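As written, the chain order gives the labels A, B, C and D, with residue 1 at the start of each chain.
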Amino acid sequence: MDRLDALRDALRAFVTDRAWDQFHDPKNLAMAVASEAGELAAELRWVPNTDADTHVRTEPARQRIADEVGDVALTLLMFADRAGLDLATCMENKLAKNLAKFPVEKVHGKAGR
Amino acid sequence: MDRLDALRDALRAFVTDRAWDQFHDPKNLAMAVASEAGELAAELRWVPNTDADTHVRTEPARQRIADEVGDVALTLLMFADRAGLDLATCMENKLAKNLAKFPVEKVHGKAGR
Amino acid sequence: MDRLDALRDALRAFVTDRAWDQFHDPKNLAMAVASEAGELAAELRWVPNTDADTHVRTEPARQRIADEVGDVALTLLMFADRAGLDLATCMENKLAKNLAKFPVEKVHGKAGR
Amino acid sequence: MDRLDALRDALRAFVTDRAWDQFHDPKNLAMAVASEAGELAAELRWVPNTDADTHVRTEPARQRIADEVGDVALTLLMFADRAGLDLATCMENKLAKNLAKFPVEKVHGKAGR
């Protein structure tokens, strides 16, 4: 079974077992995604760009960052599932749009806004 | 092939083709995750909890929300990959921690902080 | 003296005394604003709209929320000052734009996007 | 009159004139603060630390950044006022806590987490 599908099913059980469906409407979950993303940002806010690749590979930051990545992704997967969206499909569709939106010859070596 | 693995490989090509590796260090990508999460939050900021499930299923909001979900997830996948982390593994490990952290008998029907 | 001006001067001393100017470039401070805003969002993520006005007036949430409001505002004031911007002027100018952007006859009783 | 007090009064009229009080409960406004903070972060996500001070002083980014700073601050001021909190007082109280929390001799030249 696809790993995201297995995670989605495990999250459904996690939420149902705790009777948390009542709190997990799409508005609350979108707000939770923003707060988890803020925690990930906090891990790197004082780290210069030039140290970032090393920083994320050095304990104890590495484990904290892996956990924050997990939190953002799990919350986003719960949001998508509650909204009746398949997370991997959203990613595949948006990547297809980005391929068209950012033609290589136009954006090569240039940062977008 | 697992869909997340296929997406990771497609994103690597997307970034390399555009010579965007220079901009995609972990600090910049963490900041990008936060701004994409803010765009998802924006879609639901004026929607009451009681309308949220319907709102996310109604066009044109539905397509915009699917795109924002895709953006957050793609940016997070690029972050994880750049940091040498496997996104699905981060999710599986964090879910295991959350199962232990929130015992059913202690949190049933109660929202966490 | 205007209270924001006094706070700006006190923050300058706070940062200089700790030799934190080296970390407080506009990029790092913008990232810090996002993470502090995420902490404020966390306080209300599981609270329904209909309970929110009561929740923010009830201890111990009230004190935590006052502290998070302070953190977001102090970080934003440091950002503005480092960027050579006067915070109150930014607010006055943007409010003037919003008055023109949202004419009463057009938006009365309707939530924006 | 203090400039923040004048802005607070002008925002009260702005909201009342548009019958927006119904949308501006503390939960919605906290979510709006997070999305506005995400827009500010977006302005600097691809800018290296070493270019950030110059970037924020160069048009057209400068004007956009001033507007985003205004948006975050105005939304936060509306949140505080709706929650029965005085924004400047929150800042003064939190700065006093931070002075005690980060003693010079302990944190000099070291970035916090």
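Definition applied: a contact is a pair of C-beta atoms (placed from the backbone, for glycine too) under 8 Å apart; a residue touches a chain by one contact, two chains touch by 3 or more.
Fair warning: this is a prediction, and the values are worked out from it, not measured in the lab.
The greater number of contacting C-beta pairs, out of the two interfaces A-B and A-C, is seen for A-B. Subunit A and subunit C have centres, each the mean of its CA atoms, that are 25 Å apart. Annotation: 2 Å between the Cα-based centres of subunit A and subunit B. For subunit B, residues that reach two or more other chains under the stated contact definition are 23, 27-28, 30-31, 34-38, 41-44, 46-49, 111.
A complete topology is adopted by the chain contact network, contact being made between every pair of chains.
Taken together, the subunit A residues at the contact with subunit D in this complex read 27, 30-31, 34-35, 38, 41-43, 46, 48-50, 111-113. Interface of subunit C with subunit D (complex): residues 2-4, 7, 10-11, 14, 17-20, 22-23, 25-28, 30-31, 33-34, 36-38, 40-41, 43-44, 47-49, 52-53, 55-57, 65-67, 69-74, 76-77, 79-80, 82-85, 87-88, 90-95, 97-99, 102, 104, 107-109, 111. Across the complex, subunit D is touched by residues 23, 28, 31-32, 34-39, 41-42, 44-46 of subunit B.
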